[in-house]
Amino acid sequence: MKHQSGRHFLQIPGPTNVPERVLRAIDSATVDHRGPEFQAMSKEVLAGLKQVFRTKSPVVIFPASGTGAWEAALVNTLSPGDRVLMVETGHFATLWHAMAKRLALEPVFIPGDWRHGADPAAIEAKLAEDKGHAIRSVMVVHNETSTGVTSRIGEVRKAIDRAKHPALFMVDTISSLASIDYRHDEWGVDVTVAGSQKGLMLPPGLSFNAVSDKALAASKSAKLPRSYWNWEEMIAANRDGWFPYTPATNLLYGLRVALKMLLEEEGLDNVFRRHDRHAEATRRAVRAWGLEILCANPAEYSSALTAVLMPEGHSEIRFREIVLDRYNLSLGSGLTKLRDKVFRIGHLGDFNDLMLLGTLAGVEMGLAAAGVPHQKGGVQAAMDYLAGGEAARGAAKARAA
Amino acid sequence: MKHQSGRHFLQIPGPTNVPERVLRAIDSATVDHRGPEFQAMSKEVLAGLKQVFRTKSPVVIFPASGTGAWEAALVNTLSPGDRVLMVETGHFATLWHAMAKRLALEPVFIPGDWRHGADPAAIEAKLAEDKGHAIRSVMVVHNETSTGVTSRIGEVRKAIDRAKHPALFMVDTISSLASIDYRHDEWGVDVTVAGSQKGLMLPPGLSFNAVSDKALAASKSAKLPRSYWNWEEMIAANRDGWFPYTPATNLLYGLRVALKMLLEEEGLDNVFRRHDRHAEATRRAVRAWGLEILCANPAEYSSALTAVLMPEGHSEIRFREIVLDRYNLSLGSGLTKLRDKVFRIGHLGDFNDLMLLGTLAGVEMGLAAAGVPHQKGGVQAAMDYLAGGEAARGAAKARAA
Amino acid sequence: MKHQSGRHFLQIPGPTNVPERVLRAIDSATVDHRGPEFQAMSKEVLAGLKQVFRTKSPVVIFPASGTGAWEAALVNTLSPGDRVLMVETGHFATLWHAMAKRLALEPVFIPGDWRHGADPAAIEAKLAEDKGHAIRSVMVVHNETSTGVTSRIGEVRKAIDRAKHPALFMVDTISSLASIDYRHDEWGVDVTVAGSQKGLMLPPGLSFNAVSDKALAASKSAKLPRSYWNWEEMIAANRDGWFPYTPATNLLYGLRVALKMLLEEEGLDNVFRRHDRHAEATRRAVRAWGLEILCANPAEYSSALTAVLMPEGHSEIRFREIVLDRYNLSLGSGLTKLRDKVFRIGHLGDFNDLMLLGTLAGVEMGLAAAGVPHQKGGVQAAMDYLAGGEAARGAAKARAA
Amino acid sequence: MKHQSGRHFLQIPGPTNVPERVLRAIDSATVDHRGPEFQAMSKEVLAGLKQVFRTKSPVVIFPASGTGAWEAALVNTLSPGDRVLMVETGHFATLWHAMAKRLALEPVFIPGDWRHGADPAAIEAKLAEDKGHAIRSVMVVHNETSTGVTSRIGEVRKAIDRAKHPALFMVDTISSLASIDYRHDEWGVDVTVAGSQKGLMLPPGLSFNAVSDKALAASKSAKLPRSYWNWEEMIAANRDGWFPYTPATNLLYGLRVALKMLLEEEGLDNVFRRHDRHAEATRRAVRAWGLEILCANPAEYSSALTAVLMPEGHSEIRFREIVLDRYNLSLGSGLTKLRDKVFRIGHLGDFNDLMLLGTLAGVEMGLAAAGVPHQKGGVQAAMDYLAGGEAARGAAKARAA
C-alpha cells in the first residue's frame, strides 16, 4: 500500500468520519452485558435515541448493519404474500425491494428515474386504487444514498391519509437520521429504519427500528418467521436495560458519546442547519464546475450527499481512483444503474467548513487530473457562499424548500 | 456508580477480556469499505479465519451477535417443516431449539440434565430410527456456555456415520472456538457457528458460519426466506474481499490483530493447552472449596469455563453481587433452569495464570463474605497445580481425556 | 519476544498501571497550547494539583521526569557552595545527594542503613549544632522507593522547629503522593517534589514542585543558574493558564482525568486507606512465606511498596527473571547497595484486591520456581486479611502507626 | 466551550497533527522501563533517530520540551563566562540567547531584522575578529518558528571553516527536523537540538541532542553544573538500551511508530519534498491574497511554516480569534516583536494537499470575516500549483534554492 501522509478524507456518503471521542469510547474494556454498569448505559442510550428519531415509541437496537434493520421492519410486521408499495428512488430502494421479494412479499414497485424522490401523488393514486386494502405497507427511502435525492416524508404521510388507506408506513432513514430533519411521530411513521455509520457518527455495526404502536400491533399477527429480529423480546428486555442476546457493547459506548454530542453539545437543529449549509455550498461548487447535479428537483436536494453526473464519455471510476491516489480522498461511486456515471460527495456526519473545502478542492483538482471537462472556481464558489452573508439566507431558503 | 479502583476482572464466560492491541486497532479511523485498503484487510481476515476453524471451506462473517449466526445456519440450509435433531445440553441449546421452532422447523429435542454433553449413542439411535431420513440436520453445541460441559463433536460425527444418515451436521462453537480444540473439516461439520466475543478476544458484534460444500448444496434448495443471512451473495462478494452490505469495519480491524495473536504469536495449539491448564486449576480450586462442579463427566469438562453448584439454600445471585461489589469481579450467572443455583467462572480468551488466581481469590473471598459454606484453600490448590510439575502432566491428561 | 497472553502485571513501585480512561485521554488530538481550550484545562489541572499536595501554594508542572523536579527544587532555592542536610534513606536519597554535589552544593549526608526512615532526632541534632545557620535546606525522601521505608515528615518538621532552624524543608514524594497521606502546608514543607508515574496513575513525563512562600522568597536570591526549571516565569504564566515553553499537552489531558478519579470519584482519604490495606496484606504474605521485610520499623512501613529480603545465597535478579518469564509479572529490583538482595512489590496506583492477590500469587509461585526457601501460605494470609474483619482493624492500626 | 463539529485544523507551526497510529501507540499500557521489552524498544528508537539526524554520533533523548534540549546543549559543553556567538533570527533565537545569559554565559548576539536567516559572512567576520578564540560556540536556529525563515546551516559551517575557528557549532532544528533537509554529520554540527512535537509528529514531551565527538570532548572540561541534562550517564546507559532516570515511556512508543512512518514508509527525502511543495503552494496563496510573506529572502523560505504580515492597522490577534471561532482552525500568532503583526501558517508534520487547502480556505474566509483587505484567489492559486505541472518544477526549484 502506498504511503499517504496526513488525514484521509473519507467523503463517501457513509460510513462517515467518526469523532475521536466516539472512537475512544469504543476503545474501552468490554464489560458484563448483564451487569449494573451496562444496564445504566443501555437505559441512557435507549432514551437518547428516542430524541433523535423524535418519537415517544420504542427504538430497538440490533447488532447488525442497516440492511438488518430493513429486514427487521419486514419480518416483524408482514406475512408471506403480503402486498407492499415501494418506490424506485434509486439503488437502495431497489435493494429493499429485492429483499421484500426474497422474503416472500409481493411488492408493487412504482418506477422512478433515480433523479426524483417518491411522488406523493403516485402513492396516493396506488393506494386509492387498492380498494380492498391489500397493500399492507408503504415503504419509502427518506434519503437515497445512491442519488442524493430525498423524499418528502411528511407529504407521503398526507397522501396516505388522503387515500384513507390503513397501510403501515415504513421509512428508511439510514443516510438521513441525525443529518436531515426527520420526525417519526409527527409524520406518522410506523417503522423507521436507521444505521449507526452515517449521521450518528459511529462505525457500522448497529442498526435501529423505531416502532409505532400500530407496527407493534401488526407484529402480533405477522407470519413471517423471525427470531434474531424479533421486536417483542427486544422491547421487553430493553425496558430494564437488557437485551435478549449479546449486544455490541463497545459500539454502544460510542453511541452514548455520539448522542451526547448531537443532543446536548450541538443540538439537532444546529446539526440539520450545518448539513443544509454544506450541501448548498457543495451544489454551488458543482454548478461552478459546469457539472450537473443528479437530483432533478431542488425541493428534493439531499443535505447529506450530492451526486454529480460525469460528462458523457468520462469514467467516474477512473476519476475516483485518481482522486484517492493523488489526494487521499474517498468519494462515493455510481451504483448499478449509475455505475461509472455519477460520483457522490458525502457531506454528512462529523464535518465542518474546512473539511468540506478540502474535499471540494480534491474533487476540483481530480477533475483536472482526470481530464474531465470543467471550469475552475468550484471551491471559490463554495467559499463565497460559506463565508458570505448569503450563507444565512441560503440555509434559510434550503430549509424552507 | 460506586468508584472501583484498578482493573475490573471480567470473568464471565464471554464477552472476554479484549487485549489492548485489539481495542486499539478497533479505535482506528473508519475507512471506505469499497476501497482497496479495506479489500486487502478483508482477504487477510477471511484467510485467517479458515485456519481458526481448521477448514478449507468458506467462513462468512456477519455484522451480528452469535445468535444471528445460529439463525443463518438454519435459514440457509432448511425449509419450513424440516425435522432437525437437537440435544438439550443447557440454556443455549434450548435457545437454539426455540429459535428452530420459531423459524417453522420441527426439532426433535433429546432431553438432557444440563450436566452432560450430547450423547453420541442417543443421537445414533435417533438417526437409526429415522429410516426415511426426515431429519435434515443434527445440531449440537460444542461447549455449553451455561453449564461448562462440552460435547464430543468427533464422536457425534462417528455416530452419524455409523447410522449412515445423510443429515447435515451443525455445531455451535460460540464459546469454544479458539479456546478448545475444534476441527471443522476433520470432524465433517457442515455449518460451524461462532462469535467474536469469546476465544477470538473481540467485543461482541461479529459472528461466523463455516460452511461445507454439502451445506452450500443444501442452501440451493432450502426454502426458508432469507436475505441478510444469505450465504450465496456473501461468499460471492467475499471472493474479491467485498461484502454485499456494509460490514462492521472497525471490529474487522480488531479481528485482524486477534488472528495474528492467535495464529502467529501464540499458536492455536498453545492457546488450547493454556485453556486446558487454567480449567484444571479452576476445578482443583472448586474441589478444595468443597463445592461441586456442575459438569458430571470429566471427559466433558470445558476448558473455557467452569460452572459451580451453590450449596443448597445459598443464592448465587447474592453471591455474585457481593463479589462484584467488593472485589470488582464479574462472574457468570445461573441461567433459566440453573438460575440462582450455579455461578460460572470464565477462564477463556486473553488470560493468564495471575489473572486466574486473582479471579479464584475473588471467588474464595466472596464465598466467605456471602457466608457460603466452603473450605479455604482453593487458590492454594490452583497455585500448587499451576506452579507444580503436575501442571504438565495434568494438561496432558486433560487433553487425552 | 516470547508471546505472553493476558494482562501484564506491572507491579514495580512505579511506573504504575495507568487506568484506561487516563490512557484514552492522553490519546486525544494534540491542541494549540496557546488556545482557549488548553488554557481552560491548565487552570483546572493546576487547581486540582493543589488539593493533592494539600496546599494553597502554587504547584508547578515540568515536562520532565521526577529527577528533573529534584533539580528544580535545588536550582531555584540554593546557591553554589550552600550547605544542605540530607539523609541516606536509600538509593534515591543517595541519588539526590549525588545531584546536590554535582550542582555545586555541599550536602551533609546523615548515614543510614537503608532499613529506616530519616531520624528526626538526628536531624534535630545536626541543626542544633549548626549555630551559624549555614544549612540552607533539609531534604528528605518521604517514601524511599528503593526500600519501602517512609520517613515521618511531620516529625521531621517538628524536629526542625525544635531546633529553631530557618532552613528550608524539601521533601521528595515521588512514590508517595496520592498513595500515602501527605500534607504540604500542614507539615510546613517548602518544596515538595513529585512525579506523574506513581500515585498519580500517569505514564512518566511530568513532574512537580509545590512551592511555599518561603521557598519563593529564597529563589529571589538563589544563585544557581537556572532556566528550564525556573519557577518565576512558570508561576507567572500559570496564573492565566499558560506555560513559558511548550508543555507536555497530551499527558496533561491524562492528568485531568486522573485528578478527577482521585479527588472526585474515590476521594484522597479512601485512596490512602486502600494503599494502607494492600500494604498490610502484602506484609502478611511476606511473613507467611517466612521472608523478611526490609523496613525494620513498623512505624515506617510504606503503603506504596514492600521490599523483601532474599534469603542468603539466593539471587533476586534470577528470581525476577523467572517471575517475568513464567508469570508475566514485573517486580522491582534491588538497587545499588541492595542489588541482588531485595525485590520490591509495588502496590500503589490504580490497584485493587484481586490485582494484589494475583501479584502475590506470582511471587509465591516464583519463589517455588526459583528454588527460594519459603513456606506456602502467603496468598492465603493476604486473603484472610483482606476478606476478614481484621482488614478494617488492620487498616486502622496501620494508619495510627 | 462552544461546540465545533468535525476535525480541528491544528495549523500552528507545532505542535503538529499527530497521526492516529502514533497516538494509539502512546495509548498502550506503561511497561517496566528496566525490563527486556522496553530495552529492545529503546535500542530501536535510538538507532532510528540517528538516521533522522543523519549522524553516526549518539542522539540522546530527554523527557523534556525542546527548551530543555537547548539547556542541555549549553550546560554540557560550556563553562560560566564562556563567550558564544548567537544570531538574532527571531523570537526563539532571542529566547535561546536569554537562556545563555541566565546560565552565566556571555553571548555575542548578531542583530537581525527577523526577516532574514543567519548571515554566514557576518558570522565569519565575527569569528575572524576573535583571534584568541574566546568564542566557544556558534549557535544558530535552523528554522525560526517565529518567522518562517531558515538559516543555511551548510553555509554557516563553511564560514566557520573559512575563519579556521575552533568553536563548537550548535544548531536548533526544533521546527525543521524531519521536515526540512538537515545533515548533522555532513554539516559538521556538534550539537543538534530537536523536539518531538513538529516534524516527528508526536505530542510535546521529548527533546533531543545529537552530539558530535568534539562536543563530547568539550563536555569533559565544561564547568556549568548539570545533572538532569548530563550526556555522559545518558549515553553510557543508552548503549544497552537503558536510561539513567525514568524515561517518558509512552511517548517513546509513539516515537517508534513515527520513525517507522518517516524512515520506512514515506522516506525522508519524500518527506522533505512534500514540505517544500506545500510551502510553495502556501506562498502562492499569500501572494494571490496580496499579502506579504515575512521572509525577505526566497533562498531562506521555510518549508515548515509561512509567516504572513498583516496589513497596517489590522490585528492578527483578532483575525486568528475569528478564524478559530468560525472555522475551527488554529493559526500561529505573532511573537514579541511581531505581536499582532504576523500570523503563521504551519504546514509541517503529518499533512497533505487537502489539509493544506482546507487550511488556506480558512485563512481566506477569515480575512474576509475580519475585514482584512485582500484579493480572493489564494486557494485557487495554491490548487493551480498543487494540481499543475508546475508543482514538480516548483518543488525542484524550491529545493535547488
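Worth a mention:
A, B, C and D are the chain letters, set down in written order, and residue numbers restart from 1 in every chain.
We adopt the following convention: a contact is a pair of C-beta atoms (placed from the backbone, for glycine too) under 8 Å apart; a residue touches a chain by one contact, two chains touch by 3 or more.
Note that this is a predicted model, so its numbers are computed, not measured.
Shared contact partners of subunit B and subunit D are A, C. Ranking every chain by how far its Cα centroid lies from the centroid of subunit B, the top place goes to D.
In terms of C-beta pairs in contact, C-D outnumbers the other of A-C and C-D. Distance between chain centres (mean CA atoms), subunit B to subunit C: 45 Å.
Centre-to-centre separation of subunit A and subunit C, using mean CA positions: 54 Å. Rounded to whole angstrom, the centroid-to-centroid distance between subunit C and subunit D, based on C-alpha atoms, equals 35 Å. Subunit A has residues 7, 17, 24, 27-29 in contact with two or more other chains.
Only residues 1, 7-8, 10, 12, 14-18, 23-24, 26-37, 40, 62-68, 71, 80, 99, 102-104, 195, 197, 203-205, 224-228, 230, 245-251, 324, 330, 333 of subunit A touch subunit B when the two sit together in their complex.
Those residues of subunit D whose C-beta lies close enough to touch subunit A in the complex are 3-7, 9, 17, 27, 261, 265-266, 270-271, 274, 326-329, 350-355, 357-359, 361-362, 364-365, 368-369, 376-377, 379-380, 383, 386-388. Taken in their complex, subunit B has these residues touching subunit D: 20-21, 24, 27-29.
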